[in-house]
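Comments concern the structure below.
Lettered A, B, C and D in written order, each chain numbered from 1.
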Amino acid sequence: MNKTIIEIVDSLEVSKVYAELSDPQSGGICVFVGTVREVTQGETVVALEFETYRNMALKEMEKIALEAVEKWQLNKVVIRHAIGAKKVEDPVVVVGASAPHRDACFEACRYLIDTLKERVPIWKKEIFKNKTVWVSAHP
Amino acid sequence: MNKTIIEIVDSLEVSKVYAELSDPQSGGICVFVGTVREVTQGETVVALEFETYRNMALKEMEKIALEAVEKWQLNKVVIRHAIGAKKVEDPVVVVGASAPHRDACFEACRYLIDTLKERVPIWKKEIFKNKTVWVSAHP
Amino acid sequence: MEILLFGIAKDIVGKSKIQFAAGEGQPTSVKELRQTLESAYPDLGRLSSMAVAVNSEYVRDELILKPGDEIAIIPPVSGG
Amino acid sequence: MEILLFGIAKDIVGKSKIQFAAGEGQPTSVKELRQTLESAYPDLGRLSSMAVAVNSEYVRDELILKPGDEIAIIPPVSGG
């Protein structure tokens, strides 16, 4: 049975992740959802725009999921990222892990989001009233 | 506006927690769901039975939620526990925190479940084929 | 005076409440309450821990019990 | 040889692909590719980082490029 669900979607449906992670061998499920925040570094965000190098992003997401499954003996992992235009409060990414005990699912969930942010080729442009900024592009 | 949702329920509906934690000032939402695991210490669980001292449990849950709001500057917190008979894979508890950044929501979520397990007067009886055990009752 | 019992404490005592008639033998402090219960029901003394709550708050052994207090025995909790 | 561009790299270059005709001037290694691009588009050299992927995998500068490789410029990622 496949333990990982990896997807890049236009619109993120967060609430189904719980059913996807549910497992009779799990006592704990940990989920992180990243959402669009209204204010960043004191400036009001109008919208965000995400783009991806899809094939590679899916491949990296799958690698990260499998690393986590192996390291923490997870029963299920979900990594799902949205692309396109997003407005304030929209969910952008959901990652989750299900494991026998809670230590493992918390640590794994943290690993999933941290490593996704480091490695997965997805780019975020912040659109403010008077400018747009590719996040992290410059030192 | 009230930042905390505290409930003891007969049946836990997990998926609504995301909408409850969503907030324009939040960039991260972390949720933990505790579920009934089929096997514990090598034995197959038939069912669990939870009971509570309800007034005190709600009071302790509210204290824990407010401690977390203050410590991590959270925007929203949910603590919801089920009581009564539960079978394998049923959700038993859901805790979640929403915050501007992910460090805070992960740490707060962990605090919520760890502290709930230490302090909130809820008792779990494990029902096996040939015996029943009040969890943690004896050294 | 009425003492609420939960979980394994309820099973050990065999009921969900204990009544103490006013007057002699009625414990005056949390410490006395513990001693009274543990001598009447020795299995309570074999639990990993036994806390006492008064009016829905954990309390220390020194606390003096007042008429009208809601008193509860809290065996080791195991929620989550 | 075709190079895919994303995010700010696409904005700097002004298009989503760069074509190199076969033969002279076509970079033979990842290192040469970087040098060629950074001299043609100096703003690429001002990014916090610039990775290169070949066939959907991050690669090191020593890698030799082969005909048919899918090559991509990966400016600093910012998903999540």
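Going forward, contacts are C-beta pairs under 8 Å (C-beta built on N, C-alpha and C of every residue); 3 or more make two chains touch, one makes a residue touch a chain.
Keep in mind the model is a prediction, meaning the values are calculated, not measured.
S.K.: With chain A gone and nothing shifted, sort the other chains into their touching clusters.
M.R.: When chain A drops out of the picture, the chain contacts leave these groups behind: B, C | D.
S.K.: Among all the other chains, which ones are in touch with both chain B and chain C?
M.R.: Both chain B and chain C are touched by no common chain, going by the contact rule given at the top.
S.K.: Would you mind pulling out the distance in Å between where the CA atoms of chain A average out and where those of chain D do?
M.R.: 26
S.K.: How many Å are there between the centre of chain B and the centre of chain D, using C-alpha atoms for each centre?
M.R.: One centre to the other, that is 48 Å.
S.K.: Centroid of chain C to centroid of chain D, CA atoms only: how many Å?
M.R.: 73
S.K.: When you check chain D against every other chain, which residues touch at least two of them?
M.R.: In chain D, nothing touches at least two other chains.
S.K.: Show the residues in chain A shared as contacts by 2 or more other chains, in ascending order.
M.R.: In chain A, the residues touching two or more other chains are 34, 113.
S.K.: Mind giving me all the chain pairs that touch?
M.R.: Touch list across chains, by label: A-B, A-D, B-C.
S.K.: Using the touch rule from the top, collect the residues of chain A that touch chain B in their complex.
M.R.: Counting only chain A, the residues touching chain B are 14-16, 18-19, 22-39, 88-89, 91, 100, 102, 105-106, 109-110, 113.
S.K.: Please name which positions on chain C make contact with chain B in the complex.
M.R.: 4, 6-8, 11, 46-48, 53, 56-58, 72, 74-80
S.K.: Name, in rising order, each residue of chain B that touches chain C in their complex.
M.R.: Residues in contact with chain C: 34, 50-53, 55-57, 59, 81, 92-93, 113, 116-125, 134-139.
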